[in-house]
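Take a look at the following structure, please.
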Amino acid sequence: MNIEEVYKDLISFLSSEYVKKVENRQPYIVIEVPSTKYLSLLFSIAKKYNLNIGVKKAFLHANDVLKPHGELLVDLRQLNRIVNIDKENLTVTVESGVKFGTLSNVLNSNGLQLGIEPIFSEDVEMGEFILQNGVGHGSLVNGSILNLIRDLEILFPDGSLIHTGFEDASYYATGYNLTNLFVGSEGSLGIITKATLDVFVKPEKTNTIVFSSSDVETIFDIVKEVSKKASTVFSAFVIDKAFIESIRTRIPEIHNEEFLGIVRLHGMKEIVEQEADSMKTLGNTIPQVGEKLWDLRFLSILKETLGEIVLYEYLVPTNKCCEVYYALKNFSSKCKVKPSLYILQIDLKTNLVVFAFRVEDLNKIDHSSLQKDIASLGGTLYSGNLLATTNKRLFSKLKKMFDPSNLLGPKAEDGM
Amino acid sequence: MDNDNNVYPLDLIIKTLGKENVSFNEMDLICYMQDLAPLPETIISIFSTKVPSMIVRPKNADQISAVLEYANKERVPVTPRGGGCSGMGGCLPIDGGIVLDMTSLNSIISIDEDDRTITTQVGVTFQKLLEKAYKKNLKIGTYPTSAPSATVGGYISNGGHAGIGSPKYGSIGSQIQQLEVVLPTGEKEVIKSPYSDIFVGAEGTLGIVTEVVLRAYQIPEAFSVLSYGFDNIATAFKGLEKMLRSGVRPNSLTFMDRSFLEIESKLGLNVPQVEIAFIITLEGKKQLVAEEEAKLNHVFSGGKSLDPSFALEEWDRRYKSELFIKRSGPTMILVEVSIPIVKLGESVAYLKNLSKKLDLNITFYGIMGEKGSMLTLPLILTDERLEENFFGVLMKALKMMGVVINMGGKIYTAGLYGSPFLKRIHGEKKLELMKNLKKEFDPNGIMNPGKLIESRISWLATILMTEG
Amino acid sequence: MQKTGFIEELYICAKCGYCRSECPAVQFLGFETYSARGKILSLKYVIEKALGFSNDLMRNYYTCSLCGYCKNICPTDINLTDLFVNVRSKLLENGLIPTKIKDVLENIYKYGNAWGLPRTRRSEWAEGLELKQYEPGLDFLYYVGDIGSYDPRAMEAAKALSSVLSKSGISFGILGSKENCSGSEAFELGEMGLFELLATSNIQLFKELNVRNIVCLSPHSYNVFKNVYPNFGGDFKVLHYTQLLERVIEEGKLILKGHEKRKIVTYHDPCFLGRWNKEYKAPRKILQAIPNVEFVEMERNKENAFCCGGGSGNCYTGFGGGLYAETSSSPSRIRVREAFESGAEILAVSCPSCLIMFEDALKVEGLEGKIVVKDISEIVNEVIA
């Protein structure tokens, strides 16, 4: 690929401040797209030079590192309008590049909130979250972001713009359920330009309980117990010492704890209060830090102690969480890597285990042996093109339909 | 009507399924050519130009795979059928060919109390599934009011958006963890959520769903049945809007209008005298139910609490309610539309007006779906034996559906009779995309032809959706 | 509910299919043609096309034990069992009747029983028991019925009941060889002419003998005596024997000592006692009054009980399927498997048809030795103090 030629072509219709060349590694050019119509032009260039397009994410995830896709990388941050907040229908329509933090603030000021919140950072773009079929805080109640999507506006490589649902946010009619084909496809079938999501009225009361323990089994047991017993649990997650290091300076009440288990309750006032009281008896708690900790819940805080980070996320059966934890710890000491572990409960049976480490340490990690270790414990890598890995036949049918020229990454043969 | 009975080679199918599971008998064919809709043969014959050649009763996905492989090769149309209790013609074999009676896939494979999942073949009725799950202290989140007849596969294939449990647990689609399907070309696939959703609401046109793993829920600690009555339709539905914003998520909510109640009364039931009655069930932890009850009393303060024995009676009769009044027809045309609750008041008022203009007697019944929608059934009681009159009534009913769609409402199931409206609802571009998707899955067009996205009667839509 | 002519009822049918999944005929043969919906659609087709009744239609309408499950669940409240009997009458009028059924009806007419066995042998079951011949002044007429009188297995129940009645101190008599068929099969098969003949002659006999109270072994006889005979001038009280025993146990006239070892017992509600006459309590009360009995319910019980397949004369003709329990989808075999799955060692019944249907099914299913079927009369007789 002749980078210079492509670059010249690109800056003929886009200001050079939006187009950046990257030396020596893929993706070679990063394009910040000012609006949807430029995306279509981009597609025709990609077709002309037979290039592959990926969508930029706020974080590096395992797959981005292992198989970087796309010679061109598209940054959708400028598609950042909050198009409409419909208080009657309880929906919000946003462009893909709207950051979660921004959206959350605007919704809050309207007495509303999203049903599922990303764990990575407030800078996660909504389009990115959807492309990964994101799970996060609230998944215990609402599953994955998929369940909260009413409509997606998708731009296809042939330039057509389709709504998978309805623009007026009215819910459903008969016909094929197209929305879910694009969720979790990592941009390989089409690029999401707009999304309409369900929103919820802010709960009457919230309460965050922080459990501490020096032992990983104990903390997992406590958190599991609480999510089984309490009906108002919005989120339940466990953080390890490395994460605690990053937040300690801001929360003096936290000292040398090995593990913290955080449970966030939300719902009707009396019920939350009653459940908070009874759940606190299930383990050692640190009083008065709940709300402060909740504000610092994002993985992005690790950047302060670790610098630029890479995230490997695994879906692990709940009863294997401890073993996976130990496996990751062993692996890290073998590779001389200093990681942080963050474990989010998604449902009774499954947890999301996030293994965060410094970008610099990437080359110290033997990826395939790590995959094997985790897989032998029943864990699966979370991000990546889930459809391609779980149903090759279905994926190839859809790929043929929506992206016959293979412009969107990852490449069809990889299917990763 | 043509009967191509002699053309298709049969040995393979008979051998694979066993001859007692294959029928060419005329009386069997007659029974499998009908569904809930009260359409006389003269009308059905407009849509349906061929008689099916056989009915087959497969026991598992492998047998279905064999049938579809054969059908795909020989270009024989295949129409799946569950309980046959939808009135939209989705299971009518209009191009003849093979009718796949899915009710023989009736084994419940496992009910796991620890995992809280239920794995079952799709031919099991919801009533049966609920009974078995109950024994292990589990329940299905969402199920249709036709549970004694509706099969798991049928409800899933028709979308499963409204039913008992839908306001609280969502549509059946959101409770599916994975599906086993047989594609029209004969391959068996296991597809996990969310991609399994492409088959939810696909009405058997993309392949046959054979087995499903459903999420199950613990039987809640508390359960309560309430009923409210209103003297004014607008007040009733305004209360409903308030309920949406109050955070209360009822397990189920059905409504009936004065006309419905009057018919029930004529048929011998004890009913209140109100314009609109709501029957609501709540379930969950004891405290939650108590809190929700208190909130409902507040949001419905524009009406009054009705006699608990009426509420209990209607809940007991939840599978019978909307069908019972058919007795006073004896024909009942069921129009099903999905209307957002925030538009319900004005839509019902508009439809009542329209029905006066069209000289139709309509009776309203509704059941709340998910995401603030109400599956609304403007029911028309008439007599199909007065044939010329009946045809006119039928056209008016379909016209009413056209009007609702023009107003932004949506049809609930397309099947055969609703298929002409799809272009208006989705737009040409999206419909084109869906048709391409269909072609990708079913290149020879054998899978349930003439339904959903493929309409043989688009001329009907044009007629029905012009004002006047 | 409003009563309408049966053609009207055909149009009232909502075609919802609630009647399909639990219908014994559908579970036996698979195709939904045999469900109430299928029967109605077939008939409507024939009427609308002015086709006249056919053999296929006839086969459909006789493939039904009249269990009444469909009638119970029908949301438009159609009296489906009435409808089927009416259609059977019409089929008969048109000379359409399967040979096996024709033979059964002829036998009933000539010999007072479906097997065509001599009337003189009707009292053989009572030989050596020294039971009184019914005469005015006795409290109860113990009406045995055809199956109890002639079938070897069912005779055991007839005998057991006579013993229980005696030990309870009840004054009763039997008709012996004077007993005639109650007409329940004729009624269920739509042969109203024959039924009327039998009913009027029985009523005449009961009047002559001044019968005030009848206790029946079989729910089928109980059903017609109670619900149909009054239309022909029948004037007497009638109980199924479980109703009488319930009373007798409550009044302390019968003391039950129970088994030595704990026995797990389940009960099959016969259609003509349960769904048809709403009697679910009495048999259960009797079983639960026996010490050392652990009572368990089958999955489908009371109004949801699954028919043994023997009604409408099927236990003689096998027409509705499974007289000889030939396939594993025969209703009687399905039901004994269900009984076995409930964990019971004893399957209790209170109807002679159910008794003989299940006895055969057990053997074919290979459940001999794993579960036994006993009539409640036999169970009680074993544990009287």
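All chains are identified by letter, namely A, B and C, in their written order; residue positions are counted from 1 within each chain.
Heads up, the rule we're going with is that a contact is a pair of C-beta atoms (placed from the backbone, for glycine too) under 8 Å apart; a residue touches a chain by one contact, two chains touch by 3 or more.
Keep in mind that what you see is a predicted model, and the values were worked out from it rather than measured.
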Closest chain to the centre of mass proxy, which here is the mean CA position: B
Farthest-lying chain, centroid of Cα atoms versus that of subunit A: C
A-B or B-C, whichever has more C-beta pairs in contact: A-B
Intercentroid distance (Cα basis), subunit C paired with subunit A, Å: 65
Gap in Å, rounded to a whole number, between the CA centres of subunit B and subunit A: 35
Centre-to-centre distance between subunit C and subunit B (centres being mean Cα positions), rounded to whole Å: 38
Subunit A residues counted as touching two or more neighbouring chains: none
Two or more partner chains touched - positions in subunit B: none
Footprint of subunit A on subunit B - complex, ascending: 115-116, 158-159, 161, 170, 173-174, 183, 187, 189, 191-195, 197-198, 200-203, 206, 241, 244-245, 247, 284-285, 287-288, 291, 338, 340, 342, 369-373, 408, 410-414, 418, 422, 425-426, 429-431, 433-434, 436-438, 440-441, 452-453
In the complex, subunit C residues that touch subunit B: 1-2, 8, 11-12, 14-18, 20-21, 30-33, 37-38, 41-42, 45, 48, 56-57, 60, 73, 75-77, 299
Residues of subunit B touching subunit C in the complex: 20-21, 23, 25-28, 30-32, 34-38, 40-41, 55, 57, 83-85, 101, 103-104, 125, 127-128, 131, 135, 146, 148-149, 267-268, 319-321, 323-324, 326-327, 329-332, 383-385
Subunit B partner contacts - residues on subunit A that touch it in the complex: 88-90, 133, 143-144, 146-147, 150, 160, 162-164, 168, 170-181, 183-184, 198, 200-201, 203-204, 231, 268, 270-271, 274, 348-349, 386-387, 390-391, 393-394, 397-398, 400-401
